[in-house]
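Some structures are shown below for you to check.
Here come two complexes built around chain A, the first alongside chain B, the second alongside chain C.
Our next item is the complex of A and B:
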């Protein structure tokens, strides 16, 4: 029982990442009709926003501390971050430790800017070209973006710890009345799940309850008619692209404490996210979210010891296997609408 | 000749001459000169040119003719490689049975994957092939370790005693063709130049020429025409009462067999395999090759494969010291600035250059290098025509 709950929880955080990336992919596909292979790169850029902010906050100058001596007896030189000077040592240190959550604020404008530049600068010119061309050019863009990041940050993963307040683990077993210490779950993963849920809820609320969202939904259903009503739908779709980029970026920012970011993390997630989108149904937002969590949880259940003993290697291939079965039995995916990219 | 029309025959002959004279053509700079690092005429790289050429030709038969974009073609290459190395470990160190086996196994695997994947088209087909390739990679990496050697892969070891090869005790077997060692080379020095003629390269080159000839025949055959019909409008084709599935499946299997052939040759040259050969980036690479060179053209994929492998090996060898040497004639500040600017694009960053070149090609030259060549040729031709037109115009009023 506790093993099952634990695997379920373990699946949630990966599922959250899949769901967020797949949500952005589907937003872009549903609005602009573009298959964006560079979406994983956006996830990665988001993660590196957190790294950048951490480095910016830790910028420091050297002072000579007379009270401390090094092993030769000389006064010790210590690095003092500028934030320590500005906010005092205690508050300054807290700010540095909280750089990952703070990076959310930093990442939103950065990702929105990156999204707008990408859409206006490149993808705009590919609306009328075949899907294969869109895949190829965004694939090229993904390579370029990830190599640029590699040139600046190097090829090694960069550790970006969560704030100390969240580094511990949560005794989930005791919380739901099982024996203590049976289900131990890191706080940060719970936070990641909650964060993912609120971002998803925000995106859905935005689309459902605002006039802007209504127009966008109308545009997704029938772009031409909305355009003929005198609405500048292209502008709104650009905004949606920026929002999708932000969603991917935020997923990346919050994922950094779980996995230290490196330049190819985007590609690793992208392949799986595409599978998620296709399983959920091309163009269906709830489908993408549902499939994201479903596949995340399935993947984690497949890595249970019992299951692996039964079918060796299943944890490595379960997602692809599910995708193949779903694609062949339900051509539109779980929740795909009729007529959207059926061929 | 060979059942080809004059134009195709001349293309085939040009390719044949170029590949057979490659050790000369690819070594234009004398040994020891500053530019010697741009020489690509060493056996290892030349072998890769032709082997990836075969891979790309096969991919082009599928993508170029039918328009089905497979993102999992490296799986067939990997299967072919594993089949080949097992033949060498167990049966014979002669490369012929190994290559035949690799083609057969890759073909069978392609038949199975294609049978399922071809039920869908468009992006779904891409995802399905990608899923199959990633599954093969994951399995080869983990569960199938007894067959695939897992992470370390397979090599020919001193303990391997192939049935048909009588090796001395403790002798490590080497791939050969009826006794001709794949690594045997003949070196020729002419003045400052050093030309290497490698037996492995020539065998691979002959195979590539055969593969190229086959692909010309496929392109020009009624079967090829049928595949083009699938690309241009599959629905209309179905309406005329034709079932397109056997044609696309045949194209898929043929292209998988080409990949297997490339995989078998790769093993014949370096006698080792690892699962990373099946990873999806390897599949992405062959897509890049075909697009860069020109999809749907005969010679394009070979050019693309050559270009990418050349960049991979030559660009990645350039480092800052070499750059400083090149720009030494500039004032120091300018020299450092230039080196700083170029630095991200060379050495380990060669992928960045590749990505940028690839994007530029997709944006401005959807037909790849071949289209670029045609455009340039057209500019010259047009100039000639306008000249003669201008002459004609100049003459008329004079009458």
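Our next item is the complex of A and C:
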């Protein structure tokens, strides 16, 4: 029972990342009709926003400590962050340690800008091109972006820890009335799940309860008619691309304490997220979220020891097996709409 | 790949020259002979091929290897401060290149992929005329390139490759490894683990699902079980895995009190991070503190794992803080040129380049079979790690191994590991036909000069 609950929590956690990335993918596909293989790169750029802010906050000047030696036997040069000088060592260190949550504020304008540049600079030229062309150009863009990040930050993962207040583990077992220390779960992973739910709710609320969202939903259903009503739907779709980039970027920012970011992390999520979108139903936002959590939980349960003992390697293929079964029984996915990608 | 495909033109060229050369060589006969073998150097230069990952997940290791190779070439040609040449026990290197020929080099990108590594090695051999290939930051790549060099008739001086197989079941007559291996890690680590954590322990292994992972798991399991530990479970994890939470969670459901992470690179960083996040380091099991072990440490990887490595035991081939004259000379030379201390990958490839050059000088020939003969059972000192033997039976270097621990209070981003014990070579030596090394069936085969 403990193992099942633990893997369920793991599944929700993985599902959070899948759902956030798949949500952005679906937003772009639903509004612009573009299959964006560079979406994983947006997740990665978001993560590197956290790395960048951490480095900016850690910008230092050096003082020479005559009492210590460096590796060459010279007096040790100690880095002193400027924020220590400005706010005092304790407060300055706290600011550096909170760089990941602070990076949320940093990432929103950066990702919006990246999204607008990407859409206006490249992707708009491929709106009327076949999906194969879109896939090729966005996949190429993803490779370019990850190579740029590697050139600046190197190939090895960069530690980006959570604030010390959230680095420990939570006794989830005791919380739900089981024996203490039976289900221990990291605080930050619980925060990630809560954050993902908040972002998903905010996106749905934005689309459901604002005039802007209403126009976008109308555009998703019938772009030509909305255009004939005199509404500049292209401008709104550009904003939606920026919002999708922000969603992916924020998912990346908050993911950094879970796994140290590296230039390849976007590609690691991209394929699975596309499977999530297809299983959820192309163009269906609720479908993307539902499929994200469903496949995340299934993948985690497939990693249970008894399951692996029974069917070795099942955890590696479960998502694709489920995708095949769902597409055979429901060709449009769980919540797909008629007519999407069927022309 | 067929030998004729790879070497046809050069084989014809070199073979024609070689007709006048005896087929049975001795050390004396090698001297002065620059024909009858693959890519025999012409003119006053000789070209070495540095095959390292310049892209892909191990690009940082590759970059550090390339720095060390460039430093070695500079020193061989008489530039810089000479690095470890003055401390090297063999005194044939005089700063005038190799056999009086100025050393030049070409580089290839392995991408940490076997096929890409073979393609770049093949290109350096065929197009650039490289007389020796060296490098790599992966055992899969090392085994693949070593086999190619064997076919081509080129010496392969392996870089960072830790799997037993490189000089075990996949050993080749043309291949040589300075770096230590999985068996040595297990043999060095187990006594330290028993001394620090006791002999009554239950270990759970997570193992990268490829060649290196298997041999490391086998080595650590056998060495720790010989000390009295019990292995509760050993689970393979895909090389592409990034989130290890699904693999860490089941550990909590067993009665294991030690987690061994047979992971390297990004795998190690991510699995260790997950293990720490799930509170394993604060956990107690069987009345003892839960412990984590990382059999193969790298400073570059430790930097990625950050504070999570503190207090965790592992093994390493070399560390810049070693006090011997050779290590200090290399650290000073490298640190002065590049501004930071060298990694173990940089150290091993620098040593391999010097060892190759010295072997050529001692043999008096670039002929691969002469070089191999000079390297076999060669004993040397002054390159760090103490007295070292390049064993002839399997072309593996035998030297002291370091057991290290993540430092509690590092003074810089380079000062992450502290040396706990220098395990003497006698403790990590094994028979050439050891079962972990392929048993009695494992053989070097015959040296191939390529012509």
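Everything below uses one rule, namely that the second predicted complex is superposed on the first by the 327 of 343 C-alpha atoms of A that agree within 3 Å, B and C clash if a C-alpha of one lies under 4 Å from a C-alpha of the other, contacts with A are read in each partner's own complex, and residues count from 1 in each chain.
The rule is simple: a residue touches a chain if its C-beta (ideal position, glycine included) is under 8 Å from a C-beta of that chain, and two chains touch if they have at least 3 such contacts.
Every value quoted in this text rests on a predicted model; they were computed, and no experiment measured them.
In the superposed model, A:76 lies in contact with chain C only, and not with chain B.
Of the two partner chains placed by superposition, only chain C is touched by A:10; chain B is not.
Contacts of A:260 after superposition on the shared chain: chain C is touched, whereas chain B is not. By the touch criterion defined above, A:186 reaches chain C but does not reach chain B. By the touch criterion stated above, A:95 is placed in contact with neither chain B nor chain C. When the shared chain is aligned, chain B comes close enough to touch A:317, but chain C does not. In the superposition on chain A, contact is made by A:150 with both chain B and chain C. Residue overlap on chain A between the chain B contacts of one complex and the chain C contacts of the other covers 150, 155, 316.
Residues of chain B that touch chain A in their complex: 67, 69, 116, 119-124, 126-128, 130-132, 134-135, 138-139, 141-144, 280-281, 284, 287, 291, 344, 348-349, 351-352, 354-356, 358-359, 362-363, 366.
Listing the residues of chain A that touch chain B in their complex gives 35, 122, 125, 129, 131-133, 135-137, 139-144, 147-148, 150-151, 155, 267, 271, 274-275, 278, 282, 312-313, 316-317, 320-321, 323-324, 327-328, 331, 341, 343. For chain A in complex with chain C, the residues that touch the partner chain are 2-3, 6-7, 10, 13-14, 68, 70-72, 76, 150, 154-159, 161, 167-169, 181, 184-186, 188-189, 258-260, 262, 264-265, 268, 299-300, 303-305, 308, 315-316. Here chain C touches chain A in the complex through residues 55-60, 233, 235, 238, 240, 242-243, 245-247, 249-250, 252-253, 265-266, 269-270, 273-274, 277-279, 282-283, 300-301, 303-308, 320-321, 331-332, 335-336, 340-341, 411-412, 414-415, going by the rule given at the top.
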